[in-house]
């Protein structure tokens, strides 16, 4: 596979789509990014990295961090984690509270906001509220092999300032006893994880264990068990793109997780990981150009699981 | 792979689970089946068939027929079909009407009842209400290579008699102009397709084109285009098990479609198809033992896409 | 009270509001009416009638007929009627099906479409499907003292032709066993009752028993028991204007029932009844000018119950 | 009217119903009350007070305080208040958040929790967060003519401690900009108003302005305008008993407001006010025996508005 040519072709073809959609503006810190930016990186199981465009520019990974916290929490709790969070697509927006009322405060899956807050709550239970943000940061640094990866304090403060919808979700779950820790502590850690900054190259590298049965192909370290990786990828396939997860599976056919910063991480089990970034979002909050770039990738490589 | 041994081991291990759950009883014709029945068949791309248990007993395939009608309708309309039916998991029960009211009568996906009714409506538009049931029957016979496959008239009449919930869905969509034909004609064809009877062996054989990029491996005939097969499998992965689709992806990791008759068809792209049947259902309306058998299959063969 | 002057003043003041809103157009037969039409009539307990504007033009009373069928059904079943229909405001549109799914097919109250269909179903159980429409017609003729009152066949046929949303509601309730008779029979009678034509004068006269503890002040006949009248008026107050019932109580303070033909019947217990008609509707499906006219009436007469 | 005999008869008849239902136990401070307690008081426009049972025992008025805060807020903002809170029955539980998501954070009416929180937010905007609780207390003391009326600090602290569901509602509305002040300040005042303690006699006395066109019959002071009183009573009629408001109107036919402390205040315009208290609640959170006592009152006096 001529990965470099594939990436370069995608970059060229995607030009007319750059800037289509709307950059996330719910916090000022995110709204300042260039809507035309586009980067893409492929990390193969052989350890090679190919990249194009702005693949070395750091961006806010936002909800993509939910993949990492799910990995950490599964390590702590195994499937007991799913007593407090489901594993079904929600059929609703990422920040919806309706389903929580209908289902006694148990979120539908770990990738909607409410579910991710429960996952972070679990980590706090095991590590304490003081260490959790740092633990997540170190996890991301180790996976990416890059000490440059950091939490953008400006974004984290902004998230906290404008985080009343998430605060509402957290207190709602607390009222049902689904959260075990102080909601403000959980949200603090949650806002930090959302504010992780990585480049496409670092992100593709970080997700490699998900394409390799749980083993980091560089360090050889077992990051997650093989069954856990099966389950994380399954959740990325069915729930990774909010209320357009079905559409992503339909067009791309790969497990993927998007973030409102415009990034998407996609997994091709046994072969490679792909990270793409372009900040303008479609109506469901996923990168418009990033989604299309992965559709092109899937078509050009025939790496569609189906 | 020693397919026969794998199937026999599964059959042995699954014994304690047989009869757990509840046989569909919404129509008398379905309620009479033996809850302890269990059959399983694997059909490889090399054209071999392996089977165990009651794999030669015909059963009512019910919603599994939605895979075949979707294939037919995509052939007629291509992606234009998706103007009238979505491709997202619904987050609701298979017969829910709530989502239809919130989304102007457009069903979430082709595998919930409302969506499948739209798909059948499309076939009627192309073939007429008189020929549609027969067209679907012939399609199933050709795929299965078995002229024994038939529509059980007793079940079809029973479905019509007890079909007021589906009737309500159809008239609701008609009121929004989403159905193009007379709802009673559409329902008549829909009840017929649900009443198709097949054995596990026939069903596994019928689904082979979905594991083979759209080509029937026996006849060499192109049943569906490669992109259509990608999309059908994606929909089976995200929406194939009603409101437990996420759970099936989580535990089995294969595209699959269940029916309330207790059957499940699962696809391993490039390798094989698997059909399983056991009539007692879990709370979401999927075969209890059948789901577990496929979980065992996925674990024993490591044929989990993720 | 100088009723005539009050009515004439209202007619003058209401002129700028005539035609504001939208005439019901879901069936052609209703859409042809003059949006500027306005009539109003007061019928006192002393048996006097005062009127203004188009108070002698017959119009389609539509949902106002639900008051009469509720009176008939309560006569047959007493409070046992409320086993199959609730008495709470729905918080939803008049034709919503969402609540039915959440509450096992039991409609929230007798004045939303689903609830009124249950009420008509009850009458059929007692009188047979052949006699029900005629029984309702005779009931209305007796109350109004006018043999001119009739069912407009053109409207009834139009309702049946465009009645798929109501058909969906009926089959939905049938699937839960809430309807006892054939849904098509029930709908046929329901569409007939909706197509009753009356003038403002006839309508005001017809409702007199509701202002007089159940006794028709002209004939002296007990049309309904005193407790039933209390309950019917209570339901008109809390549920009589679909999802703007609270607003009507807030601004007018009288029990009232509206119809999409643009009519409203309001009750002042012990004193009088008021009928108003103006065809252009507000967003909730109630007469825009009619609602404002009743607000003026309430202010000018101080006949606000609160 | 022999008020005293009526009250005594009610007290006797209600005995078998005392203790039926469940005392509010969401906070420890409320759960300790005697479920058999029963008090009732009538305050006539002539200034006479009649009482029976535990009418001199103070209890937590809880949501009945929403009537007083609505009166205060209408005084500040007039109908502009209704830009941020509706006036329709909600069709949902008192603490439901579903409707808020569907309607952009605007609560359905001022008597569900979310709506009452908006009303309190309005008072804070006019008086400051430091003075609001005290202002409400003084308002209640003036109306009741009793300096004994007080805020139970134990209950208020308990409400704050167990108030995560209300906290969730407040942050949800804040995220839509519907709340103007700091949610924690608003909740603090809200929890204080809910913790007001009054006796039946004091409560009946306090509500007198609502039966007297806004004028306190003792002091002669205009507490609210006549139109405001019409509107407050209308809201009590349509929304005063959470999701059993229709039922209360149906059986009692009077404007009323209940609280989870087991109290109900009912208004007979022009004639009297009635306060009843019995702590065991029905499934909707209204006093079981209190509701029945008011039904008996309505039947014995024929003081049903309908």
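Note that the chains take the letters A, B, C and D in the order they are written out, and that residue 1 is the start of every chain.
Note that in this section a residue touches a chain if its C-beta (ideal position, glycine included) is under 8 Å from a C-beta of that chain, and two chains touch if they have at least 3 such contacts.
A quick note: this is a predicted structure, and the numbers were derived from the prediction, not measured.
Listed by label, the chains touching chain A and chain B alike form an empty list. Note on connectivity: the fewest steps through touching chains from chain A to chain C is 2.
With every chain reduced to the mean of its CA atoms, the largest distance from chain C is reached by A. A separation of 47 Å divides the Cα centre of chain B from that of chain C. With centres taken as mean Cα positions, chain D sits 55 Å from chain B.
Averaged C-alpha coordinates give centres for chain C and chain D that are 32 Å from one another. If the chains shown are joined wherever they touch, the resulting network closes on itself as one ring, and no chain has more or fewer than two partners. Of all the residues in chain D, the ones that touch chain C in their complex are 86-92, 99, 108-109, 229-235, 237-239, 243-247, 249-250, 253, 255, 267, 269, 304-306.
Across the complex, chain B meets chain C through its residues 96-98, 100-102, 164-165, 167-172, 174-175, 183.
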